[in-house]
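Shown below is the structure under consideration.
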């Protein structure tokens, strides 16, 4: 079992090095501010993809309401920082809790539904959240909330992303995570093995929603103004594409998926007319050649050369 | 687990090329000497793509005309376009790209108020001036009393338009009661509704009912039936032509005969196509110009020649922004953003496509407004009003 | 009181169709009892009622003196009744080891925060269930395939994994639903010894549904015979062999 | 006699308004029904939520538009052309994008559908520009007032054509051999193949019919609201999917009933509350129904056999 600790340290060391490299790239202005902004967005999208993966990929509950939870986190966050001048950390945590609580409330009734019915119900809930926000004049309604302090920096995004990935990785590799995996594989058998399926489905939903809320807070504080138009179900499709492209049930997959999708739309910015057409074709081709996603169920830590670095003791989902 | 290996190879190749691409693109192309780069940040996809595209057409016409006439002091203006997907966060993304990667000297657009406000922070931080061609809401250029130094506008603002229409309703049409029907998804429509109500009630009128709809709505019969019960003297619908056409058509079908008033969002030949000439009778709207006006003829003909159809108000304002931009660059004598900013502030009696522009201290242009009446498919100018300030 | 389980006039009615009526059985600790009957007699429905998947329309089920009617399946398992399924329900994409580890779920005590920050009881309990899981797999000759994904196992091994997984839940009563289905005589013989052994080793009470008469007659001390949802006979294997009702039910009356 | 007194108290005005809203709701609902039928048929046969279906509706509207304005055809020939051309487009989409993924995980096919949806939207936008196009006014002046309720020409056209198409569709599905094959394939494609049904051909025909119905809805909307734009398909597509799920996904009458309910709910909510909550109400109704009947109104809640 001591491998588990060792691997965490290796991962931690690798992340710190990565952070240092990227931070240098930013401070030395090697990366233009456009790519700096997109680096932040990639980090935020990784949090959203990993948290959506916890619900769809690991627990097998097909949720399409992620943009709604992100919106709750974003608006709670900006109201606290802009109107009540609360510190950034408090706003993020409050946003996460608010979104998590909503995930809990929403989870209980809808999780009786299965597959496509759950998908459309959660999509509907996401839209209801957006429409309600659009009608609250206190937060600027459809015209958007103005005057958001620019708190999000690369350090905030990177370390919250790191925390999210560690939280989800460790959760999935524990007894509770295995319960979620069991639910995905065969819910009837899971229940017969003593797993309280409702409790764990709602738990996955709540944790996923909470992280989406925190990501929403980070997202909102990158921009001076946010409007409900940025939290439509098309946005949820974006995160779903990242998760599926990376591989349902693989955290490395979600990271890769978020990186690839965000990078493609940023890189295509210089051809505005063809951007969406190229993106559409890329989607179709990628699903044609890799329907199971880049990583399928695999994690980077137990493939090829990495296998030697991370001793064999790992469970495949480490 | 073979596919794992293949997946890893594919993913690392993908990520590798991208990282390289990113850093390379990061450096961006340096601005070579004999061209002035202008950024066009418009809604080219997403639900207000039609307004963004129309404004961009007008801007392109102005830029082409300037370049054909030898550019500014011999330097050509190159337009770099970026798509903000009709979303505030993407407007910031596009603006950052134009400023940091493409090194533009001036930003034109976006069309919608929310996107301009979102972008103004980035432009002010990087000291690059913005010209907002169509955003008429006052808090684009002024925020809690303070003028935003780098944000300019080439169209008049809502308070002016709202006042003009309120005065027109109470004085010319002798209206005592009114109902207001605004588009809840745009600042433009909501602030116009507020100004109209304020000025109309100040002039002794009474607003009986206020209703709202959403952009992209198709069916207004339900709310119109409710408005009909108030049978007010006038109905004020400050919105864009796509929804206005359907509202006027469906209102007339439900037997609402009261005059319907509007603002510059009505100014597009499509309103007549959607609503039908007959339904549009007894409707009035304020706008920037009348295409019957002699001084506007050259612009209308040039646009017709280049694009094969008549310009709408967005195209006209895009064109004005282009002209204003060129004039400022000439007076600044260089592509340096801060010099252009100073020149824009000093714009005085500049002849543009739809009239003359003088920049006031709040960076809003002093421009005349006209009121047009839809009469049997034609648009007759009923009044031309110079702003008081 | 050596009685572990008792059902009193339990019945299950699916919209007018009486799947099971006045189902009265009792099991003492350590007994190995068979439940046989032609296809569609209601055997699996009975299992589903015992494990809370279906709620009985009438009657009571008491386990260790307490009624378990109305409990959800996971609560029934937590009380100590584990089962296997007629058509195998393994966690196909998970490894053999993980399939077994999931059954330990209820017995593991560390909380979410402990698992996320890997503090406190996390490592101790994980190591414990890792060891236990491996030892269980050894018993069922599956330990060499611990990291193999469940769906890639041959049929016989999947059957054995399902039983191992049920044992991992540390049950007092083990319900086996046609464990020998699709097995050749040699495999059935091995299964028979294994069932006898695990009953001894884990001090289990076992209720077995099976069509393979050699297996049932070989190891069961008592047998209930079900036909059209009713118990038509019960007794030792010899009595059942000679019981005219049973012969009629199986071979069809003259 | 409580209900009777309520009836009298409600002034004629309110009843007049309710009936007017019902008419608006039913015509809007029949358009949703036409699109929802396509969703349900396609889902029924290959269990795919075809997010591109809303955009096929949009393409149908544009084909109808060009048939009427460029080729100067009247409504019925325009409808036929749009129906046929879009039908083939639907089959083509199935052939190129979905057939190769027949055995891929369902969620990847869903992503492909999203890709096809973007592709249809933005290629159309590239060729016909984002500015909305206006249908020439048709049947506008014809209107019938029945007891004070205004039913205009376009609404009659919609109700008429929808009814006709329903009859034809029910005939095809219930009476013809292909219909029987479609129903068989929707229960179990593998077994249907064992019975000699060429499932690929049947799936292709289903896409053809579903897309044709959506095309008709597109042209009708063009005439009713007489303006179309490349992104008009997104919201109605989603609403039609909600209608299909409301009625019980995979069940043809369910799609029609679901569509009508959705249309009426939206009309009543916009009329009596405010149209800003119209979409929220539509989703709220869906969620309420699903909580009571998790498989939709007509759907049988099949418990997994243990």
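All chains are identified by letter, namely A, B, C and D, in their written order; residue positions are counted from 1 within each chain.
In the analysis below, a residue touches a chain if its C-beta (ideal position, glycine included) is under 8 Å from a C-beta of that chain, and two chains touch if they have at least 3 such contacts.
In this text, all values refer to a predicted model and were calculated from it rather than measured experimentally.
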Looking at chain pairs A-D and B-D, which one is connected by more C-beta pairs in contact? A-D
What chain lies closest to the overall centre, CA atoms only? A
Farthest from chain C by Cα centre, which chain is it? Let me know. B
Between chain B and chain C, what distance separates the C-alpha centroids? Give it in angstrom. 72
Between chain D and chain A, distance of the C-alpha-averaged centres to the nearest whole Å: 33
Centroid spacing, where centroids are CA-atom means, of chain B and chain D in whole angstrom: 35
Intercentroid distance (Cα basis), chain D paired with chain C, Å: 49
Multi-chain contact residues (two or more partners), chain B: 44-47, 184, 214
Contacts with two or more other chains, residues of chain A listed in rising order: 134-135, 188, 273, 276, 292-293
What parts of chain D, by residue number, touch at least two of the other chains? 122, 276, 306
Residues of chain A touching chain B in the complex: 25, 30-35, 37-38, 41, 134-135, 141-144, 146-147, 150, 219, 222-227, 229-230, 247, 256, 259-260, 263, 266-267, 269-270, 272-273, 275-276, 290, 292-296, 298, 300, 303-304
Quick one: in the complex, what on chain D touches chain A? 43, 47, 49, 97, 100-101, 104-105, 107-109, 111-112, 114-119, 121-123, 126, 234, 238, 241-242, 245, 249, 276-277, 279-280, 283-284, 286-287, 290-291, 294-296, 304, 306
Counting only contacts in the complex, chain B reaches chain A at residues 1, 3-5, 7-8, 10-11, 14-15, 18, 21-23, 25-28, 44-47, 81-83, 86-90, 92-94, 96-97, 99-101, 113-114, 117-118, 120-122, 126, 139, 143, 184-187, 190, 214
Please name which positions on chain A make contact with chain D in the complex. 56, 62, 109-110, 112-114, 116-117, 119-121, 123-125, 127-128, 131-132, 134-135, 188, 233-234, 237, 240-241, 244-245, 248, 273-274, 276-277, 279-284, 287-288, 291-293
Provide the residue numbers of chain A that touch chain C in the complex, in ascending order. 1, 4-5, 8, 166-167, 170-171, 174-179, 181-182, 185-186, 188-197, 203, 249, 297, 315-316
